[in-house]
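The same subunit A turns up in both complexes below, where it pairs with subunit B and then with subunit C.
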Partner chain A sequence: MNELIDHIKARFPIYDVIESQPGQIFVSLEASKLIPMITSLKTNHGFTVLVIFTAVDWIEDDKFQITYVLNNPKEKQDLGIRVFIHRDDATMESIHHLWKHAATFQRELKEMFGIDFPGSPGVDDPFLLEGWDNIPPMRRDFDTKKYSEETYFPRPGRETNDPATFMKQTLYPDD
Partner chain B sequence: MFPEADEQGMPVLDLDSQKYIKIWQGPNHPGVTGNMSLELTISGDEIMHAKTHVGYLHRGFEKLFERRRYIQCFPTCIRMCVPEPDINEYNLARGTELLAGIDVPPMADWIRMLVLEMARLQVLLRMVPGQAGTIGLGLGAQWGLYYRELILDRFEELTGGRIYHMYILPGGVRGLLPDGFKDRLEDNLKKVESFMKDIDRLIYSNAVFKKRTKGIGIIPNDWIEPYGITGPVARAAGYQTDIRLDYPYLFYNQLEFDYNLEHESDVFARFRVRRKDVDTTVDLLRQIMAKMPDKGDFKAETPNVLHWKVPKGETIVRCESSRGEYTFYMVADGSMYPRRINLRGPSYTHAVAVLEKLLINANISDVSPIMVSLATCPPEIER
Partner chain C sequence: MSEKKQTEHDKFLAPENRKHTVIGPDGEEIQVDPLNDYFCTDLPKVEAPYKGVLEKFLNWARAESLWVLSYGTGCGSIELPPLFSPRFDAYRFGVAMRPTPRQSGVLIISGYLAVKTLKRVIRSYEQMQNPKYVIALGSCTINGGMYWDSYNTINRLDHYLPVDVYIAGCMPRPEAILAGFNKLKERIKSGNAEGANEYIEKLEWYKANQKKIIKDWNMPSYNW
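Take a look at the complex of A and B:
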């Protein structure tokens, strides 16, 4: 695995190389270099399986981390590649030409994080949410509680009590 | 060429030409697994185009994880797969342990392995006899449910719950096996073995079943890696994959078993692989009971779970479920709450990319057997 990392390091500007488990390494890379590197890993180094393709919202740094975990089934190795893109301009190159099921992941990321993958088949089709008109729900600034309070009205006849006051009144009404 | 294709190779399906009809199979349909639906464009009884629609079960689990402490994620994560919840518990517990650097006592790992194999057996007891229900042979499914209940009895005895157990926790498990548990489980395994002989006669020797399942839904070998196909579906195409053997976790490297392979890659081959999986699981359960220690520490010391700050890091954890590779990607940011937990289950590709492609030119009556042979499970797509 270390030989592979040295080999990649000579060709691509990877940084933050971390071995999280034996046979499992995570590296970071500039977003513009992703497609050449991932193509090279697939065609020359046997990383033929795409296991994980997801995003993490680092809202405090104003960035999205997109993680691609590739697997080499012959050598039993996993390589996680992290790329960081700005939240305001969330666009990433598509990898649907490399893996057939990548289009499904990209469709979900477009819907859930608002990350666009131009050219990916059906990327604008709704995946889980039809008629969604709010900010993408997996972004950390999407407030689920506020959304449900605004969207779903409480049924009439139900009242809300503060737990501490309510229990005090129920248990010790004379105090 | 029928139907005609456009420049991008997509079929041109003009519904006004009266050659095609669009019908929906699901979300409420006896032949559909779970809450998903298929939008089928058919000509006669041949499928021209298929599109999977999911979203009927979306409960935002991955979003909820971000607002919950690690221990609070357990009651949520098990609901991501109703028939086999223990794989979620194991992956989440193992991921937390890896991020926090906790070593689990050997006894806990043996019990975890026992629980995971019991979970596999109970789901196979529902799946293997039930698969013939898709072509109208529903008897096996009814028989199978009884034998599944026997395994659920053991779960109830061990964990207190029948379906959702929450038995595997970060650091270990919640307790040791009760007295006489192994004998009662062995008794159940004998009954299961004798029942599987009935299933062989009822289903696998049935001429109608063979005629309906052989030669349909063939997945070519060169689809496996580009589509990310895993588990029994890949093994039915002769592709050697089993996370228990490829990336041994727990003590699977101390057990003796092999890949259950078939080569025809049709619906019957996938059903055959699952049938062999039942025998393997029964055998593994016996090996585990014979090799596991009787007593020992079953839980490592962990910090107070309500104030547990897991160090910053990321990891992936995978295990073999009854349907294929089940992977968690976990990112911790050093706080008490996980930054991101992402699940990638086998259905994510099987039910969307693979199924949409596999159904083209299939007969409409073969939709259910093909779908069930892929063991699609919508909750793990929607999370």
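Take a look at the complex of A and C:
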């Protein structure tokens, strides 16, 4: 695994190499270098399986992190690649030409995070949220509790009989 | 419906349901508006119950033969198959599963309902024939349960469909569901299970609630 990392390091500007467990390494990379790197990993190094492909919202840094986890079934190795893109014009290159099922992940990310993947098949079709007209729900500035209370007729809760509150009201009614 | 509203509405329609031109066998062009031409646009009417002994007899017959739509939403659908296994044996109560809404009289909402699922549930419920009953399983249908603050699941089922029996729990075991069926039988025999008529009487209110959350309403107003 270390040989592989050295080999990649010589060709691509990766940083933050973390071995989270034996046989599983996460690296970070510039977004523009992603396509050449995973194409090389798929064709030359046996990372033929796209395991998962998801996003994290780092709202404090104004960034989205997209994580691609690739698997090498022969060597039993996992390699996670993280790229960071800006939150405002969240656009990323599509990888559906390498793995067909990536189009489904991309469709989900478009709907849940608002990250666009131009050219990906069916990326604008609704996936789970039909007719959604708010900001994408997995963005951290979306207030799901407020939205639910405004939309879904919440059932009012029971009257509380909390002893502490009751005694406080009985003994110190002026407070 | 005004012209502008129609175009806004059209955005969600499937291509075959939009207004289009069909060429007939003799080459003539026919304008087709599928939502008005292919589907029934009439609204249902209240079917008043019979009076006296006849209604009592009918209610007894209805209560002893509950045909359930084989349809599950959420985690409660896992609790239903054991119900029809030899251990719990719901058949001894006259409960049977049917594969299509046209043949069934009981709709079980088994757990949380996403907005996308609710649309399918409403279609299924409206396609069922009178008399029809709704059983709601689990706390999700009562107040949202553990999904009470979710952006995509409804909180209270009784705002969208008339519910006859709630079975509390997360999830209720098959014994609880059997008890719920017995409760429903009592309710039918006492003549109180008029959910289908209640739905028609308050149709405007139900439809307003349904259309408030189903934003891409791309089907007829009432799905016969």
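The working rule: the second predicted complex is superposed on the first by the 152 of 175 C-alpha atoms of A that agree within 3 Å, B and C clash if a C-alpha of one lies under 4 Å from a C-alpha of the other, contacts with A are read in each partner's own complex, and residues count from 1 in each chain.
Here is the rule we use: a residue touches a chain if its C-beta (ideal position, glycine included) is under 8 Å from a C-beta of that chain, and two chains touch if they have at least 3 such contacts.
Source: prediction; values computed, not measured.
K.L.:
Given the touch rule stated above, what does A:G131 touch, subunit B (first), subunit C (second), both, or neither?
P.N.:
So A:G131 only meets subunit C here.
K.L.:
Does subunit B (first) or subunit C (second) touch A:T144, or do both, or does neither?
P.N.:
Touch partners of A:T144: subunit B and subunit C.
K.L.:
Going by the contact rule set out at the top, does A:V69 touch subunit B (first), subunit C (second), both, or neither?
P.N.:
first
K.L.:
Check whether A:T48 is in contact with subunit B, with subunit C, with both or with neither, and answer first, second, both or neither.
P.N.:
First partner only, subunit B.
K.L.:
According to the stated criteria, A:M167 is in contact with first (subunit B), second (subunit C), both, or neither; which is it?
P.N.:
neither
K.L.:
Of the partners subunit B and subunit C, which touch A:R155 in the superposed model: first, second, both, neither?
P.N.:
second
K.L.:
Do subunit B and subunit C touch any of the same residues on subunit A, and if so, which?
P.N.:
Residues 126, 128-130, 137, 144 of subunit A touch both subunit B and subunit C.
K.L.:
Can you list the subunit B residues touching subunit A in their complex?
P.N.:
54-55, 58, 60, 62-63, 66-67, 98, 223, 225-228, 241, 246-247, 313-316, 318, 325, 327, 329, 331, 339-340, 342, 344, 348-349, 352-354, 357, 382
K.L.:
Going by the contact rule set out above, which residues of subunit A touch subunit C in the complex?
P.N.:
126, 128-133, 137, 142, 144-145, 147-149, 151-155
K.L.:
Considering the complex alone, what residue numbers of subunit A touch subunit B?
P.N.:
Counting only subunit A, the residues touching subunit B are 18, 20-21, 23-24, 26, 48-52, 54, 56-57, 67, 69, 73, 76, 78, 80, 99-101, 103-104, 126-130, 137-138, 140, 144.
K.L.:
Can you name the residues of subunit C that touch subunit A in the complex?
P.N.:
12, 114-116, 119, 142-144, 148-156, 159, 209, 212-216
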